[in-house]
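The next block holds one structure in the form of structure tokens; read it before the comments.
All chains are identified by letter, namely A, B, C and D, in their written order; residue positions are counted from 1 within each chain.
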Amino acid sequence: MPSRVAIVGVGHTQFRATSPGLSYKEIMFEAATKAYADAAIDPRRDIDSFVCCSEDLSEGTGIFDEYVPDQIGAALRPVHTIAGDGLQGLVAAYMQILTGAFDVVAVEAHSKASNILTPNYVLALALDPIYVRPLGAHPHIVAGLEMSRYLHASGASREQCAHVVAKNRGNALFNEAAAYGADLEPDEILQAAAAFEPLSRLDISAAADGAVVVVLASEARARTLDAEPVWVLGAGWCTDSPALDSRQWDTAAYARLAAQQAYRLAGISVPSREIDFAEVDDTFSYKELQHLEALGLFRPGEAGPATAEGLTTLDGDLPVNPSGGSLGVGHLGEATGLYRLVEVVRQLREEAGPRQLPDVEVGLAQSWRGVPTATGAVVVLGKEPEA
Amino acid sequence: MGLRRVAIVGAGMTKFMRRALETGRELSWQASRMALESCELTLKDVDGVVIGTAPDVFDGVHMKGEYLADGAGGWGKPVLRGYVGGGTGVFSPIQGWYHVASGLFDVVLVVAEEKMSTCHPHPQGAFLSIFDNILERPLEPNLIWIFALEMHRYMAAYGISKRDIALVSVKNKRNALDHPCAQVAENITVEDVLNSEVLVWPVNRLDVSPVSDGAAALVLAAEHVAKRVTDKPVWIDGVGWHLDSAYWTNRELCYPKYVEYAARMAYRMAGITEPRKQIHVVEPYDPFSYKELHHLEGLLLCGKGEAPQLTADGVTQRNGDLPVCPSGGLMGVGNPIAASGVMKTAEIFWQLRGEAGKRQVPGRPTCGLAQAWGDLMQVGTVIVLRT
Amino acid sequence: MVGEREFPGTPLSDEDLHKGKVLTVEADPNARYAWDTGVAIGRFLAELKNGRIIGRRCHRCRRTLVPPRMFCEQCFRPTDEWVYLKDSGRVNTYSISYIRWDASRVAEPTIPAVVEIDGAHKGMGFLHLLGEVKPDDVHMGMRVKAVWKRPRERVGSIRDILYFKPY
Amino acid sequence: MGSLEHIERVDQLGQWPGEMPVSFLYTVGVAGERFLRELMENGRFLGSRCSDCRYTYLPPRLYCERCFAELTDWVEVGPRGTVEALTVAHVGLDGQPLAEPQTFALIRLDGADGLLIHRISAPAGQELELGATVEPVFHPRAARKGSILDIQHFKPTPARRR
């Protein structure tokens, strides 16, 4: 069996709607500096490989991988980019360590969303150019359609989705890094202006800028570092059909399949019992519910009522998105999943301050790449190595 | 070095074309299906998919890896798209290698695609976006500028003439006459190259590979599967990649140190101590004629500044002592960026299996190498294959 | 044998594509950006507006870096101080371009060059153009000096330098 | 966020503008040629069928994403279909409110498994809901270009004719 892999360092900037006065290189440098300090390592000496996560059109630069090495200590080193969410970058690093050829690998992801002047046009470039993009619609109609389908199939309600928003933005009040903490009642959210019905404006997470770096190490190497290791118990990632015409619309098949892979590796058979808390994608409010069901943390149709009953709050049975999620922290582009993993690490290390969850041993981080994709990743982390 | 040995067991590709009727997804499917059929595997046998494709602005699709996923066989599977600019094509099988070597996957489909003809008025317009957004794009550089600057530096450092370099075009375009997928195969002379239109001195039209549409795919398998499906597995014995600083105007351009570092990484893994003796056939990256020479030096297959003599002496001819680009390379077969690196890896695969038809090099080679390069003259990716 | 296989793919001519022989869809990406220049490049541009070239120095490796950055990529630490450089230097390498960025031909060739800036660490410079010189008269190692736009025309851009000329 | 140097002049914080200076010309591909020409010339929908997977793709695909078979079985589907999902867009690509909200639907054409995404327009007062039966409204033949926009929109079927 391959040796285990640990998270040994995490670092990130604050997340804010804008980041004037700082280049993307400068925010990456800050996150990297913090992560390496956290792991107590020198990247120029101790890191064997680096993985960055970005998409060209989010940056406004072709083959953006060109511009990543210098500010993360990776110049003239093995570096590559994953055109995916930070959790997909993390699984790339995880696999590299499992080969036995690498001991320490760093993963970087960031968002400079505020620098995109035409974000909806850019996102529309991800729609099929022949059959969907010519309709000229805002790409979030895909989420509106999916929410319509999810509510229909699961029996969940808009009210239950509003509870997701209220909870996550409320949790963000306890997270200094978060951009959009707010004290809102579900009723206020329901009354927000319609955006892509049934989605209201407040059902949609707002973008934020920031950078995240995570350092992974083999078990042998992790033992030599000062940092308290948090173990990668399992990881999975999956893509359903990229085509809107043939994918599954009722459920998040990609999340279900990614979770199956992660649970198999982690030896988890009853996730709702074995996982203490979860950071799941909530790019749109309904996605949190849909994802919780796909991850097997709730039965189909039960995530909505459970949320409305408060089961997923900080002091609920299964706290979900204690960080504040994308609705509360801000949507961080490709850094979204990686920051949520940082939250799981902080909770397991008992470093989460005012939002610290009691007695947590196993946490899950899940990402979705957003509209119009059907791609997501799942990583399960644990506090102590299995005996 | 890896815990598990990884073999290439199948390969496929489309023709390389200036303009293809097929969409990028269709091209991906054509190459992928051919690769699977070549080893009598089906999509069911595939556990994971690696997609390699370079700037999204060529195909005109944001998150291009998502868009291509179904054509690349990714439906309901773990899919990861990685990229390192022009180095992507050889990085993709490296990424496939770490998937399998990690122990998480038994069969991985590696697919690379580019549809450059989508980009108007000319694909070179897309290359403007690879330059530094603030300090270089305002100067309106053409892609060829930087290669002309590098080529000139290389010529000056070692006293190399354009005539020496033109031999590479002549050789590769002639080799490509035997490649059924070739886009720009022809019998030309050194004089033809020197008399072709000067684009950016010292680069003439016939020193440059064309823009292309095309896809190529490989099937990678763990040892126990490889031995079951073929009696001629080709083993991935060494992989290496390095990315140098983005500040290319701060670096000495006459020698590709990052290629050397990538090669040393791969050689260490493959136990290669005397590359010139131990490697029998090579496919270095040749998007420009001088790059083949530059890369032979970076790969330590000859001394610095010595590759032109090797070429002049006929050593690099298909029937020479060290056949170089027997496929016809990018100069002859064409250059759909990422797909061309996979094409090179496929060529070594076919050569080592004795299946290269009219292109077969003599002497039953048992060890070959493919290499790619890219970004701002910055990245080297190297793969060493053995029978 | 690979040579005997039928390889897929349907090549089209330029005419097929542009004269309606095949169906096509056109699109304009409308992908527009405003990149935060940041501390290092923001200052660099501000100094260009003043007619000066500025770099950053790392005290550990003792290199003066241009273009400037707030981090040293060799030492992985913050750089330490701003250093004004001269607006002169040497041609590290150059080429002679007969095409624009979009591959269209130009009437008069331009001369892109990497110019090593006086006062920066050896070999460090940036991309610019050469002017007031015939292509045949340029050589590597040639001394050159920036020709600036007039002060009131400068906006804080790399193009505040018109070009470098021999001196 | 941390800054490595004190910012003296907040009024001088700079941004540099840029764009992707290209445009795109997409071929519709092998399957797209057949589908869109049939739509343009005859106002008919052709799907492609994988008999092994029992799935009819619409828009048609050259290959089955599930088993990778080449699809050569072309079948006519629609033109009527069922609404599987609905959304009303109040915001346009520019991020601004739309003057008139636009309704989009996922439509399963009769005989197809794949879903078409398109505009839908109901007469005033008529409520649209999931499960409704709809049919396409085409542009006149002369105005069609071999594009998905040859369909103006879908509308509810007036009455069930059987």
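Everything that follows uses one rule, which is that a residue touches a chain if its C-beta (ideal position, glycine included) is under 8 Å from a C-beta of that chain, and two chains touch if they have at least 3 such contacts.
Computed from a prediction, not measured in an experiment: that's the story for all the values here.
Counted as hops between touching chains, the shortest connection from subunit C to subunit D is 1. Of the two chain pairs examined here, A-D and A-C, it is A-D that is joined by more C-beta pairs in contact.
Mean C-alpha positions place subunit A and subunit D at a centre distance of 29 Å.
With centres defined as mean CA coordinates, subunit D is found 36 Å away from subunit B. Look at where the CA atoms of subunit A average out and do the same for subunit B: the two points lie 33 Å apart. Residues of subunit B in contact with at least two other chains: 19-23, 57, 60, 70, 75, 117, 121, 125-129, 132-134, 245, 247.
Under the contact definition stated at the top, the residues of subunit C that touch 2 or more other chains are 10, 12, 17, 22, 25, 27, 29-37, 39, 41-42, 45, 69-71, 73, 101-102.
For subunit D, residues touching at least two other chains, in rising order: 3-4, 7, 13, 15-30, 32-33, 36, 65, 147.
Interchain contacts join each chain to each other chain, per the touch definition above. Looking at the complex, you find that subunit C touches subunit A at residues 25, 27, 29-42, 69-71, 73-76. Residues of subunit B touching subunit D in their complex: 19-23, 25-26, 29, 32-33, 36, 42-44, 57, 60, 70-71, 73, 75, 117-121, 125-126, 128-129, 133-134, 137. By the touch rule above, subunit D contacts subunit C in their complex via residues 3-5, 7, 12-28, 30, 32-33, 36-37, 146-147. Note for the complex: subunit D touches subunit A at residues 1-4, 7, 10, 13, 15, 17-20, 24, 26, 28-29, 32, 36, 55, 57-59, 61, 65, 84-95, 101-102, 104-106, 113-119, 130, 147-149. Residues of subunit A touching subunit B in their complex: 1-2, 55-58, 60-63, 65-70, 74-84, 88, 91-92, 94-96, 98-101, 122-123, 125-126, 128-130, 236-243, 246, 253, 257-258, 261, 265, 369, 372-373, 375.
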